[in-house]
């Protein structure tokens, strides 16, 4: 049987040459200050066992990985109605997605590009109650960790640099695809992006996607089995910005990345894997994190293809 | 010598078959209520003589024609610095201009498309004092009519339907090309669009463009001769939305139209002409107004080509 | 153990309501004459067992499914050098792909859109010998059926309606990404698209992709295990035109479709599945074929997510 | 009265600082060999008087200026039917025009971008007889110079680098907007572009556009007065690539440029002006030629605005 701990420790050393090849996100000041040489990785098995290495216990800004969890919340409340507000096709754009958003009359291509995440969150906010509490509570429940919380400094920093997201939200509002107040929406969006979680938190939070929506650790099913499969499909085709094809080719797992340097990947039926390394490649995905996942699926033969 | 009064009266009858072929603007409720069958036309000669026909004395919403006057104000204060904030090339887009705005990193193609007008106004608002007063005073001075004023109902209606303009403003702010508060900018923009003027007002207000910036009627030069020529050039290549080529082909005059159904045209050296008929063609220009101007330049041989 | 024969026969009946909802391809006359109500399905297990139903023995025009086999040939000869000529990202375009082809300077987004298939074939044609023979021989070898051949009528019909493909080839030639004579390239391309194969042929031909490049039936490995996995990854993210996300969501298998109504899908590690039903959905994929595959993965729990 | 000869001689000296700021066209080898420091300028008055300076007698490759003359030929034979094959709006694209050509289903935006010139020529070629002879004869007639002829070296060089034009022609053929054989069309197109004329030739050839289609020098009217005016309008809005607005702003004359470094401009009612200086600005227009025309309209007050 495979020694997962040895595998993770091996990878933590083997990725060393990858440092310095990417660039820490600098589009908001608070993110630019994160040390570049961090590396953490954790796996969470369906059996409950967890393995980790490096800085896997250290919380970082999950950024766009939050889109995955907000999609789960939206699907659990609204089911396939979500897809009346957002598509599920890759955008195929190096250019900022506003171009396609306009051509397609305010319906974003998928829930993992910014306008799609805004539309998904807008739908979630139509529920009674404070969406921020709902999101934080859901992440705490998934990670089984009540210390999961927002990083206020990051959140304020994002709100102060949100012009492009604000533009997209108003464009969609013009097309009737945003119903909430745009400023409330943006504040909640910055809140979800600024949530801080560790690799260990994320790996546990991602497990239900690997196990048909239900785990032995959580009290109740998070999603139906069909929903879990479908979210994995959307992750594989849309989860890695304009690099989904290369990522599928190299790693072969459904995954969602964030500009904080985190990637959460799912091995259907078996486990979830979280990795963190802040330097990003040209597409906005963690350079070292992608390396680590590529090694992992090669060594463990867990790629889905 | 040509009998201008007879010419205008002839045109007022001859355009009759054109009614019902266009459509009154309905993108904001207050504009949709304007009666479709209005027709007014006025010419203002450099000599001071004015001729008019039909509803030429009745104020209507000048809408995008205001972009011309705000450009004049901006050029008179900032000269060619204006062109660091906005280009002077036609956009060539049937699609909404946000696509090109993004591709060209927040610098609008020209001051007569919405984002270009917003950037021009943003520059004007950097001056001390209330930009709304400045604009209203300028229009009153140009039209020599202190009753020129904003239509509050239209202004409120526009502000309530400004999502796309708001999106463009935030996009430009994201690229560093809007400096003012976006809500202040939009309110001022809706103010300028909602100014109400008659054909007679507009014809007089446009005269300085025909006469090298200086007229015998106004106290002082509005623009330099070079500036007047250049604004005419920008009008000819960019003033009629995605129909500039057809308009130049049919009418052959620099002109600026508004979705209120007005068109202000300039015969360099000689006179300015204003026409109003609310029904618009597919490009957003007055259907009957364009007919009337085509007849006018044919009958008077005043086309510049 | 699952009764595959019963499953296929069940599906053949259950898809009945789907007929008449799509439209037979009519962009070339010869394809438009195919009867709409055909349905065939075949699965080929790694063990050598084969099951089929309906018209699974009847040859049809494989069209774009040929892109998959030409990619295999190119990768087996040139390895990763293929990716210097073509990308591996979804194009995300409802619009014809020439737009992105130009923006990205003649390098097509992936080998499964037309310009990408042309670039891949152009590379293959740089080998000595007749590329048409090579392709036909490869298909006969994969299908273990020496009767596999081109449909001359379809080929001529395609060559007579190839203006858009010719335009793309010349555009790429202008950017230095096509080296062969364009007319030779187009003729070879129409040849590969006009190959006729049955579902049984296709299922056997697709098996090496499910089994790491090697099967017990074929004499020698077609691809390396890594290449087989990677081609599956490219299929999943790019194989179904602008519907890859929806197809992954509904079916959850790597697959390649053709406008002849065929779809070839791969269950990694287990089997390959071919289906044929000529009526297409709005994206150019078989309407009934997609239904059949969705039922199949639900009933057999073979989706990869 | 203005001393035209002195004005031209003054300009020939005053443009000196402009040399070295542009770049000779190098997209075909034969054009790249033209000496950079050439300068010629000629004006042709309606009265028959001609003035010139510098290298105004030396033939150069007229390139895209030929589009103007082919448009004249097409309009004289087909009248407004021309506009069923090509639009008359600026394209507004820095990007190569194939993008918009595809979005607008094979109808080019105007006759002065490459696909528009191809569609115009395609229409002309539907007439009986050899289109090349027709074009050459027309240019000889307009220039009153039987030595006007094609430069075979340039023509062959262009034909060998015509992939992008070939792509556009096939794209339009795919949309039904090209009827001739594409290779015949391209050869004729390269023929028209490779015609060599001097500034003196061009100035005389352009005079009918300034004088309502009729001149005292030519035997018969070339165009109707309305057609001449309209072609001037199309030139002003579309004749200078993606720099029409800036050119109108600086020079204020209808004009057509070519990558050989020539510009032909029209002063309606008065004269035509031709200038030649091979170095081009970033938009493909003669850098020094534009400078010279700007000086000319300032000194002679002949701008139309």
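Note that the chains are named A, B, C and D in the order they appear, and that numbering of residues resets to 1 at the start of each chain.
FYI, a contact is a pair of C-beta atoms (placed from the backbone, for glycine too) under 8 Å apart; a residue touches a chain by one contact, two chains touch by 3 or more.
Everything quoted here is computed from the prediction, not taken from an experiment.
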Practice item. Since chain C and chain D are copies that touch, just let me know if over half of their interface numbering is common to both, same, or not, different. Key: same
Check your understanding: Where the centre means the average of the CA atoms, what chain is farthest from chain D?
Key -> A
**Study point:** Cα-centroid distance, chain B relative to chain C, in whole angstrom
**Key:** 55
Study note, to complete from the structure: Whole-angstrom distance, CA centroid of chain A to CA centroid of chain B, is 48
Review point. Among the residues of chain C, which ones contact at least 2 other chains?
Key: none
Check your understanding: What are all the touching pairs of chains?
Key -> A-B, A-C, B-D, C-D
Practice item. Provide the residue numbers of chain C that touch chain D in the complex, in ascending order. Key: 95-96, 98-99, 102-103, 163-164, 166-171, 173-174
Exercise for review: Under the touch definition given earlier, write down the residues of chain B that touch chain D in their complex.
Suggested key: 87-94, 100, 104, 109-110, 228-230, 232-234, 236-238, 242-246, 248-249, 252, 254, 268, 303-305
